[in-house]
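Pasting the structures here.
Common to both upcoming complexes is chain A, partnered first by chain B, then by chain C.
Showing the complex of A and B:
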C-alpha cells in the first residue's frame, strides 16, 4: 500500500472534511469532485501542509508524522496552488533538484523539457499557464518517485497538451512498483487513466468504484414520473427530479435494460454521475 | 539543506544587476565621500536584506507549497534561512571592509581601521537584530503583513527603550551616562584588548539574537498551515 487515509477529518468554518481512501502499488487512483469538494484539502493533509483534526494517514507504509525529508524523495507532487520559484529558470532548477533527489536525472529532465517545449533559459514567471503546468509534472516525474500525488495536473492545458501529459503518466506506470493519486475536474482525463475512482462531495467520499465497473455497469435512467413510482429502486444510487420526471443513477444498468426495456437508459459518463451523486437525492 | 541553499543562491544570482549597482554605489560613496564608513554600512544593509528577498520569493505565488513538497521539512527550511542570514551578514561585513580598504589603498589615504571596523560591526549587529525580529514575523504573518509587524515591533522596542530611559533618569534619578562612562573606564587600558572584547561580545550577541529568533521561527513554522 502506497497511501492510506482513514477518516481524515478537518473542519473549517463552513467546511468539514472526512476522507478515507487508498492508493495501491501499480494503480492509478482518481479523486473527482466539483470545486470546493475537498480535493485540495485532502492533498494538503497527505502532504503535511495542513494538520488534520482526526484520523490516520499512512504514506509509503509510515505514519505521516514519521515521514522524513529523505522519505519525501519517493514522492512526486503537483499541487494546483503550488508554483516553482518563479524568478528562476528551468535550468536553474537542475542543481537544486540534483541536491534534493538522489535519483534526479539531469539528462532525462533536459530531454523532457526539450520534448515538451519548455525553454531552459526563460524565467518561469514569463511561462504560459500550460508551460508552467507541464514543468511541474516533469519535475514530479524527474526523480523516480514511487508515488505521484497530482492535484489537477491538467489544469490550464489544451486538449493536445492534456493527452501528451496523460501519455507521460501512462509511460510512468509501466513500473508496477509505482502508484498515482490524481485529481481532475476533467473527468474524461481520469476515465482513460485511472484504475479506480473516488468521488468526493462536501468533504465526504460519496462513491468509490473501479473505473471499468463505473463505465460498464453504471448508467443513467431517464424515467417519467409514473415509471419512477413503479420501478424497482434496489439498484438506484441517486435520483434527481427533472421537468420530464427523474434522472436516476444506477450501478446495475443491465438489470434495468433486461427488466424494463421501455425505460430510456444512457451509458453516461463520470460527469453525469458526479452531478447525480452531488445534486440528487442519494439512497 | 544543500538544495535550499542553492535555491537561495540562485535567487540572489537572479538579482545580479541589483547587486552590481549596490556595489557600484558603495564604491562611489567610498571614493567620493570623506567618510568611508557610510559605504560600509550601506553594503551590509543591502546584502543582509537578501535574506528577506529570498523569503519574499519563496512566498510568492504558492512557492512555499512547492518547497515543502520537496525532500525537506519545515525545520530544515527554517534552519537554512538562518544560516543564509548569518552568511549574508558575514559576507556583507567582509565586502564592506574590503571596499573601504581597497578604495582607501587606491586613493593612497590612510585607512581608518577603527572607524571602518566599528561601523561595520555596529551595522552588522543592527541588521542582525532587524533580521532576528523580521524573519519570525514574516513566517507568522506572511511577507506583506510581516513587514508592517516588523515596523510596529521596532517602534514598540524604541518606545519601551526611550520610556525605560526616561523612567530611570527622571523617576529613579539614575545617571545612566555617567554609569556607562564609569563602566567603560573600568575596562583595561589596553585599547586593542578592549576592541577585541567588545567585538567578541557583539559577535556573541549577534549569534544569540539569531538563535533565539530561530527557536521562535521554528515554533511558528511547526504550527503553520499552508
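Showing the complex of A and C:
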C-alpha cells in the first residue's frame, strides 16, 4: 500500500472533509469531483501542507507523522498553482533538483525534456501552458518517486497535449512498484488511465469503483414518468428529475437491459455519473 | 498485440479483449508458448486501465487459454483443438436460445418453430 487515508477530517467554517481512500502499488487511482468538493484539501493533507483534525494518513507504509525528508523524496508532486520559478530555464533546474533529490537523474530528465519537446535553454516564462504543464510532470517523474500525487495535471491543456501527458504517466507505471493518485476534471482522461476511481462531493467520498466496473456495469436509464413508477429500483443508485421524466444511474445496466428492453439505456461516462451522483437523489 | 477496442460498445472492454485474443489463439495466429504482452504494456498500448487487462488475462487463464508464470509473464497454453469447436457450438446454442425465446414470446409452438427452422435450413 502506497497511501491510505482513514476518515481524514478537516473542518473549515463552511466546509467539512471526511475522506478515506487507498492507492495500491502498481495502480493508478483517480479522484474526481466538482470544484470545492475537497480534492485539493485531500491532497494538501496527504502532503502535510495542512493538518487534519482527525483520522490517519499512512504514506509509503508509515504514519505521516513519521515521514522523514528522505521518505519525501519518494513522492513526486504536481499541484495546480505551484510552479517553478519562471525566470529559469529547464536546464537551470538541474542543479536545484540534484541538490533536493538523491535519485534525480540528469540524463533521464534531459532525455524526457527532449522526447516531450521541452527546450532546455528557453526561459520558462516563455513556455506555452502545455509546455509548462509537461515540465511539471517531468520534474515529478525525474527522481524515481514511488508515488506520484497529481492535482489536475491536465488542466487547461488541449486534447493532444493531454494525450501526450497521459502517455508519459503510462510509461511511468511500467515499473510495478509505483502508484499514482490523480485528480482531473476531464473524465475521459481518467477512464483510460485509472484502475479505480473515487468520487468526492461536499467533502465526502460518495462512490468508489474500479474503472472497468464503472464502464461495463454502470449505465444511465432514461425513463418516462410512467416507466419510473413501475421499474424495479433495486439497482438504481441515484435519480434526477428531467423534463422528459427521470435520469437514473444504475450499477447493473444488464439487469435493466434484460428485463426492460423498452427502456432507453446509455452506457454513460464518468461525467454523467458525477452529475447524477451529485445532483440526483441518492438512495 | 493488435487488438481493436471499441470504447462505445456495450460489450465490456475486458470481454472484447478475451474474445479477440481467443480468436487469435484458435486461429493459430498466437502459437502455444508465445509470450503475451505484460498487463501494463497492453494497458498502455490500448489506453485502458491495467485492471481491465488483468481481468481479461485472469478470465483466459481460468478457461485454460493462457498460463501465467509468476514473475515471468503470461503465455499461450496448449489449447485442445476440440475446445475451439465446443466454443463455436456454444455460440450457436446461444443464438438458438435467443431465437426460441423470441418465438415463445410471440406465442409460437414447438411445431411452428421446427417448421421455420427447416425452411431457413433449406436455404443453405
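Please note the rule applied: the second predicted complex is superposed on the first by the 283 of 283 C-alpha atoms of A that agree within 3 Å, B and C clash if a C-alpha of one lies under 4 Å from a C-alpha of the other, contacts with A are read in each partner's own complex, and residues count from 1 in each chain.
Operating definition for what follows: contacts are C-beta pairs under 8 Å (C-beta built on N, C-alpha and C of every residue); 3 or more make two chains touch, one makes a residue touch a chain.
All values derive from a computational prediction rather than experimental measurement.
**Q** In the superposition on chain A, see if there is space for chain B and chain C together, and answer fit or clash.
**A** With chain A as the common anchor, chain B and chain C both fit in the superposed model.
**Q** Output check: A:95 vs chain B and chain C. Expected answer is one of first, second, both, neither. What do you get?
**A** After superposition on chain A, A:95 lies in contact with chain B alone.
**Q** Report for A:83: first if it touches chain B alone, second if chain C alone, otherwise both or neither.
**A** A:83 sits against chain B, while chain C stays out of touch.
**Q** Quick one: name whichever of chain B and chain C touches more residues of chain A.
**A** B
**Q** Which of the two partners, first being chain B and second being chain C, lies in contact with A:108: first, second, both, or neither?
**A** In the superposition, A:108 touches no partner, neither chain B nor chain C.
**Q** Given the touch rule stated above, what does A:192 touch, chain B (first), chain C (second), both, or neither?
**A** A:192 contacts chain C only, not chain B.
**Q** Of the two partner chains, chain B (first) and chain C (second), which one does A:70 touch, if any: first, second, both, or neither?
**A** Only chain B; A:70 stays clear of chain C.
**Q** For A:27, using the defined touch cut-off, is the partner it touches chain B, chain C, both, or neither? Pick first, second, both or neither.
**A** second
**Q** Under the stated touch criterion, which partner chain does A:272 make contact with: chain B (first), chain C (second), both, or neither?
**A** After superposition on chain A, A:272 lies in contact with neither partner.
**Q** Give, as a whole number of angstrom, the minimum Cα separation of chain B and chain C in the superposed three-chain arrangement.
**A** Nearest C-alpha pair, chain B versus chain C: 27 Å apart.
**Q** Over in the complex, which chain A residues touch chain C? Could you list them?
**A** 26-28, 166-167, 170-171, 173-174, 176, 191-196, 210-212, 215-217, 257, 267
**Q** In the complex formed with chain B, which residues of chain A make contact?
**A** 44, 47-51, 68-73, 75, 77, 79, 81-88, 92, 95-101, 123
**Q** For chain B, which residues count as touching chain A in their complex?
**A** 2-3, 6-7, 10-11, 14, 57-58, 60-63, 65-73, 76, 225-226
**Q** Quick check on the complex: what are the chain C residues that touch chain A?
**A** 8, 10, 12-15, 38, 40-41, 43-44, 47-52, 55
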